[in-house]
Structures are given as C-alpha cells and as structure tokens.
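Scroll down for the structure; my scribbles are underneath it.
Going by the order they are written in, the chains are A, B, C and D; count residues from 1 in each one.
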C-alpha cells in the first residue's frame, strides 16, 4: 500500500450557485492527487506520456459526504491499495480544514500504448518504484 | 420508469491533451441530461431552487467505455428507474454518433430545504408529475 | 461581414457562488459561437484540424455588462468583420432571454501549421467559403 | 503599486487537444493570482463576501503569447497599479518554468453591495491595507 497527501485550495471558479464546490470537480481533484502522489514517489505522469503511455480512467465511484466551500484548503489523501499491473487502482479521501471527511472515492485506470491504443502492463520504471511499497 | 434523451455537442474546452473528453466532464453531461429530462416532463430545476429546494448529489458511479471526441454529437439517455421520495436516482447511457455506447453511470440525489439544510421528501408539484410514470 | 447566431443554455456547472455565470466561461461560449458560425457556413473546425491546421487564440477582450444566470438561454451573435488572411477576427455579442445585451467581446486567432508550428494563411477551402461575404 | 507572485501547476483537466492550456482557463489563473495577492496583504476575498461585498469583473484583456503545457509550474505576477476606489485594476504576467513570458492581461473589478446590487467604494478595512502601497 502506498499513501500520499496533497493540498488544494478551492478556487472561485469551482463553486456553483449552491455556494459549494460543483460535484463534477472532484474528479479533477482526484487527478491532481494522483499526479502529486506519483511525483512524491519520484515519478512524473508527464514523463509517462512522453514515453508513449497514457492512463485513461476506466471507472470512478464518488461519495459526496459534506460540501466543500470556496477558499477552503482541502487535503486529498490518495491510497494505492494494490501493486498495479495492467490496471491501477486509486482510492481517495478528502478532508476539509476542520479535519472532517467530506468526500471519498475510487478510480481504476489502465495503461495504454498511445501508438496502437492497446492495453499494456505498467512500465518497468514504474514497477521498480512501486514494488518496495507492496512487497511483504 | 421514466426515460428522456438529450443531445450535447462536445466543446473544444472539454477535450484534454489525450484528444478525448476529459473524464471529469461526464458529471456535467449527466447534469445537463437530468435537467433536460425534468424539463421534458414540464418541470424546471431552476424553479425548484426558487421554491427553496436544492438537489445535491450524494454519490456517483461512472464507467468510461470508449472515448468521446471533439465536436461529436452525443446522446445522453437519462432513466429515472424508481419513483423519487427522499432521494432520487438517475441512470445514464451516453452514445456517440455511430450509436456506440461510450459511457454509463448512475447518481443519487437528495432533496434539501435550503433554509435549514435538512433533507425532505420531493415536493408535491414534482410528485404529481412523476406518479403517472411509476404507477402500474 | 459575416454574422451568425447560436444559442446556449447556461449549465449549473457554469455558475459560481455569486449565482452568476463565472466570468471565465465566456471564452468557452465564444468558442462555441465561433465553431457554430463556421458550421453554418458549411465549414467544420474539426476538419480544419484534420487538415493539420489549428487556430490558437492570440488575444481577447471581454466586457461583462450584466450577469448571466443558471438555465438562461443565451444568444451568441458572432461577427466576422473582415476577410481572414493570416489572422481571423471575431466579435461577439451575447444577449439574454429578455433581449438585453449582457456581454461583448472580440478575439484574434491565427492559422498555424501543426507540423512546424508556423503561421500560415487561411486554407483555400475556407477562402472560397468566405470570399462571397466580403466582396463588394 | 503593489506586486505579488503566486505559482500554479497546470492540471491535466486544463489542457485541450492542441496539447496546450485551453485559452479560457487563463481567467481562472488570474482569479487565483488576485486572491493570493490579497491574501499576501493579509486580506481574504472570502471575508469580503462575508461582509456582504462582492467583486464582479467588468472587463478583461488577455494576450496569449506562448502556450502553457501540462504539468508546468507557472508563475503569476499580479500588479495592482493604482489605489482602488470604486473600481480595482489588476494586471497579470504569467511566466513558465524557463522564465518566458507566456501571457499578459488586465482586468477591472467593481465593489458591489450584495444586498442591493449597487456599486460602492472599497471597504475601509481594505483601504487601510492598501494605502501604504500607494502613498508617496
């Protein structure tokens, strides 16, 4: 298991007329959390794409527990529960400044060769980085 | 059961550098589908909020089956499978111009009194509109 | 001069906590207006990119005269004031359901060869479509 | 004159299929820059709204000089050139990681009483914070 935390400040653009963060923006918060989790491991998603591999999202589940509000500093906890292979799972827990859990979710991503659109296993460079976190 | 269809054309703003619709925008497409489904029944979500009732999303599940691309005319099929009460379920099926199913999802929404933030049942005006679709 | 009109319904996602359309979304409304203006002339921006030409925006000016609100049906009037050559100008006027002018703007776009990133003149296929609108 | 700098990392959601930041997102980057400039002065835009004052944007001008790309760390320099009164001007300069100026812009904002929608002068609490920066 690997765990990482990132902070994000809610932008005015992300609120809606309910006065809350629009529900559609959590997927973007998850994306920021994923990318920063990889960066903290020394791996850049940008470089992955430069290697010709992309990671589209296959499915997502989100539970909206409490609203997030403008200018709040949210903490996004990203958990990689199992060693990635042809797919990669992420789970997410977002807490607000009071420490309240406001949002929970999970996503599955695939590794795809950009050239032919075919699924593939995670690249060796990622494998080496991840293995220490998932071996007993 | 009630079913409605809406069409949406993919905007340039909604693509990402993979050349696909960004995965976070499907929640917005669902929102447009929901609102148009209600409008086709003669009910306006705008009026609901003017009555002091809002409908935040409690949870969502999305399966991204195939990518959507810039300028495609997508068809969003919205299904209300059961008579709403304190919650309201929607399921979604998005097809592209070739008729391929590219995205499936579901959301649960609540009815909330804006004044006190408390859950409530659907308002009578909605109940009257929906009942004919769910009685045997 | 060429003029075209498109309608757009304000999405919930596009409002902010002031209860208005977020000021950053007008650029997207302009984009939708531009693309539909070209489509009404029988020209598709998608096909332009498939020909290896893209049209990045060089500059924009926007005046926010009145707020737009959720669910309003806005009319975007797009004007192409002069025959495009290496650049293409668009001006925009957005009116709400009451016919009030709520937003005015202008943008300059370039024609760029995707292959080498170099500016170029508009392609002949566009030239033929536009010329009748700009000859005396 | 008052000057402040903020950094922003380009999110995947903010790119488009050209592989650049979508032109419509710079207005949001400006907003983040403005809010952080105020915060560095000890003033919170959130508190301003809690005082019943909002600051809608009246006009914007943007020059898109070079593209910004995914994952780049951009620096947003915000300049408040003159002491605000009934309006407030901001100018913006965005540079990329190589120090290249990629975007320049300016916006005018108003102070509006939320209660009655009327323009007003900047509140005293802001005036006190700003004055030292604009006196000779």
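Quick notes
Operating definition for what follows: a contact is a pair of C-beta atoms (placed from the backbone, for glycine too) under 8 Å apart; a residue touches a chain by one contact, two chains touch by 3 or more.
Fair warning: this is a prediction, and the values are worked out from it, not measured in the lab.
Note: the chain lying farthest from chain A is C, by mean C-alpha position. Should one ask which of C-D and B-C has more C-beta pairs in contact, the pair is C-D.
With each centre defined as the average position of its C-alpha atoms, the distance from chain C to chain D rounds to 24 Å.
Chain centres here are Cα means. That of chain B falls 34 Å from that of chain D. Each chain gets one centre point, the mean of its Cα atoms, and the points for chain B and chain C are 28 Å apart. The set of chain A residues that touch two or more partner chains comprises 12-13, 17-18, 20, 22, 24, 28, 31, 49, 70. Per the touch definition, chain B reaches chain D in the complex via residues 12-13, 15-20, 22, 24, 70. Within the complex formed with chain D, the residues of chain C that make contact are 17-18, 20, 22-25, 27-28, 31, 49, 54, 56-64, 67.
Within the complex, the chain D residues that touch chain A are 11-13, 28, 31-32, 35, 44-46, 49, 70-71.
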